[in-house]
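Could you have a look at this structure, given as structure tokens, before my questions?
Here the chain labels run A, B, C and D in written order, and each chain numbers its own residues starting at 1.
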Amino acid sequence: MPRQIAVIGAGKGGKEVEKLAEEVGREIAMSGSILICGGLGGVMEAAARGAKEKGGMTVGILPGTDRSEANEYIDIKIVTAMSHARNAIIARTADALIAVGGGHGTLSEIALGLKSGKRVVVLEVNASLADVKGALLAKTPREAVEMALGGASAGYI
Amino acid sequence: MPRQIAVIGAGKGGKEVEKLAEEVGREIAMSGSILICGGLGGVMEAAARGAKEKGGMTVGILPGTDRSEANEYIDIKIVTAMSHARNAIIARTADALIAVGGGHGTLSEIALGLKSGKRVVVLEVNASLADVKGALLAKTPREAVEMALGGASAGYI
Amino acid sequence: MPRQIAVIGAGKGGKEVEKLAEEVGREIAMSGSILICGGLGGVMEAAARGAKEKGGMTVGILPGTDRSEANEYIDIKIVTAMSHARNAIIARTADALIAVGGGHGTLSEIALGLKSGKRVVVLEVNASLADVKGALLAKTPREAVEMALGGASAGYI
Amino acid sequence: MPRQIAVIGAGKGGKEVEKLAEEVGREIAMSGSILICGGLGGVMEAAARGAKEKGGMTVGILPGTDRSEANEYIDIKIVTAMSHARNAIIARTADALIAVGGGHGTLSEIALGLKSGKRVVVLEVNASLADVKGALLAKTPREAVEMALGGASAGYI
């Protein structure tokens, strides 16, 4: 049964962060896992684009009322109409979460993921994010996905 | 872009109703659409089984806190941890809904689907369900899916 | 401990229906119960106005993102930002629900209330609503509140 | 119109933290504001007890399916049946949030509060919480409530 791995991060990520997110998406697809994300732009779109490039399956858990807000790389569009509360659904739906950049929304997903007992991996680029106790720190996209899948020695932050 | 068609109905459907649901699932898959359902047993499981038999894609929008509650025919498991409020997500996520049997939970999904402006088709077997103004009545699984896809002349109840 | 009684109905109710809703609100307040509603206009506003007239407490469970959408008779404003999914919260929060007029949104609340095992009373004016199995039929606002509180002999529809 | 101020923190707070939460609850009530909280034990119960001691109004936004899980100091019991997603409702319902101790659940509420544009005040005792950019730091319960109400000079963390 394939894993469901979430990539979380800002709707406007910046070039460096989006490049990393795209690579995370590729690695998730190559591992045979399903990519879960918030379905919008920035980091979410970059990760989904990376996953589709490698033939993966992508799921967008959208905050609004209309599936048309999904980016073009989303296969399955879940329309929650629940604004930020959809972050709790992302945290529950994922077996593990990987944060690539991001602000308060991403921080809420990290916290909800840990609260739900999920493995949460933070890519090192996230200097602006608070160091959250319990999250794992990864240096590269590949290491992040390996940690998310539980196959790497992981140093707790 | 494939349509997302929901099949709604009781977690314990009875043999006749589940046979119909399975046929609806097959027709959805054969139309190239994605099957959305509540992910549990009864009508939901029968529809998902039918869809998988024809190589379709299935999504379960689960009410509980754990993806293990999904039936074995679900490809994508959305874990809402929101009990009945997940019915509103099913109504929003689907382009159209097809009711096969069901009780109060199904009635809430029919109502939420219509409230969200979606096409709602009720299979004729649903004598126990209230006739809801605005829903469409179908006589066979094939007719139900055709109506859901908008390709059949549809008589309003 | 005071009961929490919900009044449900359309945001645009029409004069007759709103007059009934206001009377239901008065009766709820006079029984010492807390009025729960969706917090918007029409039936919700009329019921809250009636309750405040008699010194009752009113709670609005709002669908949008801003407490300013509450009508002026709401004491406690719960901002769900969850659109129709807030109907499930109304159904869970109320000990009993009273429907005064209404359309598909109200029907979803009736169904969710019954699904959650709550007593649901429908005022007879609701000809446009489907007769829902399990709901109780009341002829007057006073009878509706008595039924909601469990103090009247109630004939199942 | 009274303000709605949330107190957030762990369900098991420890004596020192609960003493502070109780004092925050008293200050909220004395300011004429309504106390919003998660409705359970620990910090939530201590804050509600403080507010009731001073004649305030208390609202519990509960995660489970039953109002009986509310602590005895809660006047209005909102039953969400939405597990952690109720944290997003707390963040939206409050005009401002005050964190007293807490773990990942509280961190998610801080982040969701800031994401929703709310003023978030953290009591200094929260050494275990990550310093979150955008949150305000208060030294005493009184200062926390003054900051929450916008009446104190506030130094950003």
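Simple rule for what comes next: contacts are C-beta pairs under 8 Å (C-beta built on N, C-alpha and C of every residue); 3 or more make two chains touch, one makes a residue touch a chain.
Worth saying up front: this structure is predicted, and the values here are computed from it rather than measured.
*Asks:* Same or different, please, for the subunit A to subunit C contact, judged on whether over half of the interface numbers appear on both copies.
*Replies:* Answer same: the two copies use largely identical residue numbers here.
*Asks:* What angle of turn lays subunit A on top of subunit D when you fit their CA atoms, given in steps of 5 degrees?
*Replies:* Best-fit rotation on C-alpha atoms: 180 degrees.
*Asks:* With chain centres taken as the means of their Cα atoms, state the distance from subunit A to subunit B in Å.
*Replies:* 29
*Asks:* Roughly how far is subunit A from subunit C, going centre to centre by Cα mean, in whole Å?
*Replies:* Chain centroid spacing, subunit A to subunit C, equals 40 Å.
*Asks:* At least two other chains touched by the same residue of subunit C: list those residues.
*Replies:* Correct list: 65, 81-85, 88-89, 92, 116.
*Asks:* Specify the contact topology among the chains shown, as one of line, ring, star, complete or other.
*Replies:* Basically all the chains touch each other, so complete.
*Asks:* Once bound in the complex, which stretches of subunit C touch subunit A?
*Replies:* So the residues of subunit C touching subunit A come out as 65, 81-85.
*Asks:* Which subunit D residues qualify as touching subunit C in the complex?
*Replies:* Contact set of subunit D toward subunit C: 4, 34, 57, 59, 61, 65, 67, 76-82, 88-89, 92-93, 116.
*Asks:* In their shared complex, at which residues does subunit D touch subunit A?
*Replies:* Counting only subunit D, the residues touching subunit A are 82-85, 87-89, 91-92, 103-105, 107-108, 111-112, 114-116, 128, 130-134.
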